[in-house]
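Each of the next two complexes has subunit A plus one more chain, namely subunit B in the first and subunit C in the second.
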Partner chain A sequence: MVPTDPHFPGAATSGGTSHEICRPALLRRALIRALSLRWVVLAVLVVGAFIYVPIIDNFRVSMTNRDIFTGEISQVGLENYQRLLDDPVVWRALLNNTLYAGLSIVFQVFGAFLLAAMIEGLKSRRIRNLCRAIYFVPSAISTTVTGLLFYFLYQPEVGLLDAGLTSIGLGALSRPWLALEDTAIFGIIAMSQWQGFGYSTLLFSIAIQKIPRELYDAAIMDGAGPVRRLFAITLPMSREMTGLMVIVTITGAFQVFNEIMVMTAGGPNNSSQVLGTWLYQQAFIQNEFGYGAAIAAVIFAVTMLTGALQVWYTSKRRVKL
Partner chain B sequence: MTVSPISTQTDGDRFWNALGKTFILSFLVCLAIVVIYPLLWMALSGFKTNAQIFNEPFAFPRSWGFDNYVAAWNQGVRSFLFSSLVVTSASAVCTVLISAWTAYGLSRSRMPGKPLITAMILGGMMLSPTVALIPLVRMMQSLGLYNTHWALILLYTAFRIPFTTFLIRAYMLDLPADLDEAARMDGASEGQIFWRIILPLCAPIIVSSVILHVLFAWNEYLFAMIFTSAQDVQTLPVGLTSLMAKHGTNYAQVFAAMTISAMPIVLLFFAMQKYFIRGLTEGIGK
Partner chain C sequence: MKKISKITTTALTITSALSFAAPEVLAAGSNPVTADPAAEVDYSGTLSILTKFGSQQLSPFFEDVAKQYTEMHPEVSVELIQETDDSVKGKTKTLVATNSMPDIFFSWTGTWGGNFIRGNRAVDLTPVVGAGTEWGKTFTPAALDAFSYGGRNFGVPLYLDAKFMGYNKSLFADLGLEPPTTFDALLETCDTISAAGVVPVSFGNKEAWPAVHYAGQLLVYNVPVETLEQDFDPQTSAFDHPGYVTALDQFRAFIEHCTTGAPNGTSYEAAVQAFSDEKAAMYYQEIIEFDGSANSDTALQPEEFGYFVLPAPEDAQGDPNAIEGAPEGYMVSAASDQIPLAIDFLKFLTTQETGKVLSASPYGQPSAVVGGSEPRTMNASVVAGMADIDEASYLMPWLDTVHHPRVAATWLSGLQALVGGSMSSEELVAEVRETSAAVRD
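Right after this comes the complex of A and B.
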């Protein structure tokens, strides 16, 4: 197909028979195509240099150890990974990450779904918008601020929680929540639910808004009550968002760091340690970079798994649509 | 008496519906209180004295002086806020500009190896910053960027390009292809097509991308904590923890500092809610 428009760059310069222009035109087109790489070159360089290179380098570091006294670096093979298996804190951290994921799925996926269904069932548009906006506010605030806020809330001397418990006659329950091994991690997870539920509620609200109204009208005609409609229409119609949210929540739960550092720094007695904070402790406090890198490899494995799951899930959905 | 086929509701149904609605409304109100009350407590405690925080946690402040806020501001919050502004705005501009370029190339031009490049850039979304952390420390030290704003600007840009490109690319893919064809016919260069036609059409998603980036960069903690150590380089999330370590016993001042650092982003959220929500929807829903 030869363009006839005189403004077309290829047509303006080329003369002669079609045979003569054939090869230069091909070359030219290849050159133009190669030139369009300029749009992506910066991103490829930045992403390559600061994401891909360090992540690959992490595996090399994980097979080395640095002598604390001489600073000499030695190749130790898989020794750091062996050490992971024998480290009780790693198992505790994995347990805490899993607890984080599990409780977040309960509250920020299923709880948020129910909440979004309640909000979207309201008649007044203004109240719906107000609810979503208010619940979202903590998600916009930095986790350092919310973490510190709850650190104070949980404190026995000033905290609202214990003062509140005492005022309603439950003073016996009051305790230094973050200073006890049994409750520290749950105190942090509770803060995280408070901070994050509004975000997922907003996403579920958007998903529920996309459900065709006719389905509900038909169900009402058939005499289905609100609860019936929730389980027969709203839940199946937002199944895709639910699946996606479960995956995203698990990925997030294995990357927690900020709230733990601010509220307990992993204590007391490593009871609230997660993989991220244990990595920090080992690499940057104990100067065990090799071992820290091995912990990072565990985080890598989990997030790659959930990431692959997410890609599979979204592509499956695309095909169906 | 005949009942019309549409109104199948009996009085009993109506009673249960009303009860259900009342229950739902009161639940939503209680939840709103649970969300708002701690934040209000934080802001109000900034006006109290330490003694009042300890003795009357539920009471309103006795006076409304801004002493704690001023003290917190002078104790370092000013410089943390400045650092946060510099890092957030510089990385937002870099991220969104580079991502828009990249999205244009990936969605509207023919380039060799496009699927591979797309997979590489978008695949970056799956990679967690924590995993890159240890090698990055050495890299930043050898580049001489450790303890500078540049370290954070570079890293925030790099780690947000994948997601931002994903957002903008999805938007650009939905724009009709005839646009470029027509412009090309009129003799417009690729650069002109990008700046004059495609970018303006993408304005809504660009605004959403900027806002989502600001939300991320303003609140980011891991990199900020590892790569900055001097007070004049630290951003708010890290600065707050060092303020806490130094003046942790002066609760009122810490509360004031926390309120100052949360305020800008909350105001931004309420001002730009529409774009916030668009970004979130595009990000996860498409």
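Right after this comes the complex of A and C.
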């Protein structure tokens, strides 16, 4: 029996051996496959040219020192990476990025997941939609505008935060949040949570909506309460979204830039620097493009590693229906 | 594990190979370009200009000049890139790094401008604007000389700038105060104002450079000029004069007596606004800000505005007659293919008539052109400030543009720490010294 291919009906109609019959069909199939790859090749070329080549080029630049005014480039090998290790601001920035990522995971992943579960548990569809809209609004405001808004909110004399603290008898906690080395980064992180929380909640809401209702009905019949249903059904069934959100949150935390520039510009005394702002300062303020590229390589390595780990973990724990 | 090691080795090998394959020199101005006074101007094409007049108050100036110029020469179009004091630094460096410099670009004097000469990126304008030329004679000599490097002129000064303490005359009168003449008297004045429940000096240091301006003026009072100039260059720097610590201690005393709140969390714009709103008695500002901080739209009216030079300490070891400031101006890109046209535009920009517009309200930028100001149309304080600049024994350059960028960055972050109280004067000077030594090595 000569195998027929619905896509190539003529392939099995002539006589002769099966080997002879199949050869043109196989060739044609290979040709079609090769032709179908042309779109992939095009995409790979575009992505390669605009993403991978610059990444590789960044590593090359990180091994040089370049005087932008004279155009002179000197090869310094791994000197810029050695300098990274000795630069206290880099460590401070790395710590700030890590703080940013850690707190963002707590609020924008787990906090948003809980809130989404609560919203989706509401019986009234109208109230559910209203809640989603209310929490999403901050995400629709640009980061720069939000940064300015919080800059005024944190102002010690006219800001709403200190006025609010004073009005509830917590005036002793009032302080110039963005002006102190100990509190500046936390003020910015708090602003970021306010802005990103609603977006994460919306994504979790979508993930929760996709969970089959039958699972909940069955759990209710088995006597499972809301907390049990949350941990036994909602959480495992949202694992892929949770994994995605962790990746997005961590990579976002290591790419943070606008908030810092608007609110503190990395100060006071570099206390709120993150890798992105320190990279900018080194490359575009201090003309240290090679060193800036080395910082960029660190950001790339951290986000790449985090993403790879998270993808691996999520794929291992995927729940299949 | 072996596999990972193999991949790492391969990646490093490829990266290293790429690294060594890099060209030694990227495109820059390879040879010095000198302006030709006999070159014929081709009045066609587009002239790109990077300005520092991006603020709402100043941006119409270049727009108007460009409009007048293009009306005279309809075949010419002018493309303006208007940046602010803060953004022009990053913008310029990005344009330099990408070899995309506009035909005409803004420049400070000192090391900042020197970078363009070092890289052959600015046209040597000596034959057209040198001290002995017709055009050169139209400028205040000191302003023109500030753009001279190695005896050659590379820039055209547009206006003069210097730092003064602006004050609210009405408020001073109400408290029976006179402008202080010594540094100690300034601290006493601040105490009196504080006791009256008013903010003595409005100070915003979020951007870090405002503190650098105070430090620069106090340094020139406490450290001899020769020592300062020696320390500007990392190759000769020592930063071992005791005047550095003295100046920074004085600055700390100033912070303690004269400012309130949290300067590091306040932007300089918020600070000037507080002064304009009469919520503070004084604000340390550039002469080019006089018209912005007191005008018909602000609570502080121009007639209520007064100024004085930041008073020198009585026992200062430096130059008590020096003022911090410098002219600011424009250069022509060596990569421009329209150098004669760019020079022609700069000539138009620096006529006496244009200078008078620039010096008068609402711009209030004291023109560097001789006769380029009309006191009748100008803010009286700007006129008097110009006279003070003329009489100054030395113009102390801005610390953040005269020093190597890494040393400047140390001044900026260190002074923020000093203002916030997390660093001592001695620690800051030691850090600056170390950075300068690291740059030298």
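General remarks:
In the analysis below, the second predicted complex is superposed on the first by the 245 of 321 C-alpha atoms of A that agree within 3 Å, B and C clash if a C-alpha of one lies under 4 Å from a C-alpha of the other, contacts with A are read in each partner's own complex, and residues count from 1 in each chain.
Here, a residue touches a chain if its C-beta (ideal position, glycine included) is under 8 Å from a C-beta of that chain, and two chains touch if they have at least 3 such contacts.
Computed from a prediction, not measured in an experiment: that's the story for all the values here.
By the touch criterion stated above, A:176 is placed in contact with subunit C alone, subunit B being left untouched. Of the two partners subunit B and subunit C, more residues of subunit A are touched by B. When the shared chain is aligned, subunit B comes close enough to touch A:257, but subunit C does not.
Of the two partner chains placed around the shared chain by superposition, subunit B and subunit C are both touched by A:157. In the superposition on chain A, contact is made by A:135 with subunit B only, not with subunit C. Of the two partner chains, subunit C is the only one that A:64 touches; subunit B does not reach it.
In the superposition on chain A, no contact is made by A:98 with either subunit B or subunit C. In the superposition on chain A, A:268 makes contact with subunit C only, while subunit B stays out of contact range.
Within the superposed three-chain model, A:289 lies in touch with subunit B and with subunit C [touch as defined at top].
Looking at subunit A, you'll find residues 57, 157, 284, 289 touch subunit B in one structure and subunit C in the other. Contact residues on subunit A toward subunit B in their complex (touch as defined above): 5, 7-9, 33-34, 36-40, 42-44, 46-55, 57-58, 61, 115, 118-119, 121-122, 131, 133-138, 140-145, 148-150, 152-153, 157-160, 163, 194, 198-199, 202-203, 206-207, 221, 223, 225-226, 241, 244-245, 248, 251, 254-255, 257-258, 261-262, 275-276, 279, 283-284, 289, 292-293, 296-297, 299-300, 303-304, 307-308, 310-311.
Those residues of subunit B that touch subunit A in the complex are listed here as 6, 8, 13, 17, 20, 24-25, 27-28, 31-32, 34-39, 41-42, 53-54, 57-58, 98-99, 101-102, 104-106, 109-112, 117, 120-121, 124-136, 139, 154-155, 157-159, 161-162, 165, 184-187, 190, 215, 218-219, 221-222, 225-226, 236-238, 240-241, 244, 251, 254-255, 258, 261-262, 265-266, 268-270, 273, 277, 280-281, 284-285. In the complex of the two chains, the subunit A residues touching subunit C come out as 56-57, 59-60, 63-64, 66-73, 75, 77, 151, 154-157, 176-181, 184, 264-265, 267-270, 280-281, 284-289. Interface residues of subunit C, counted against subunit A in their complex, comprise 14-16, 18-28, 89-90, 93-94, 96-97, 115-116, 118-121, 205-208, 261-267, 405-406, 409, 413-414, 416-417, 419-420, 422-423.
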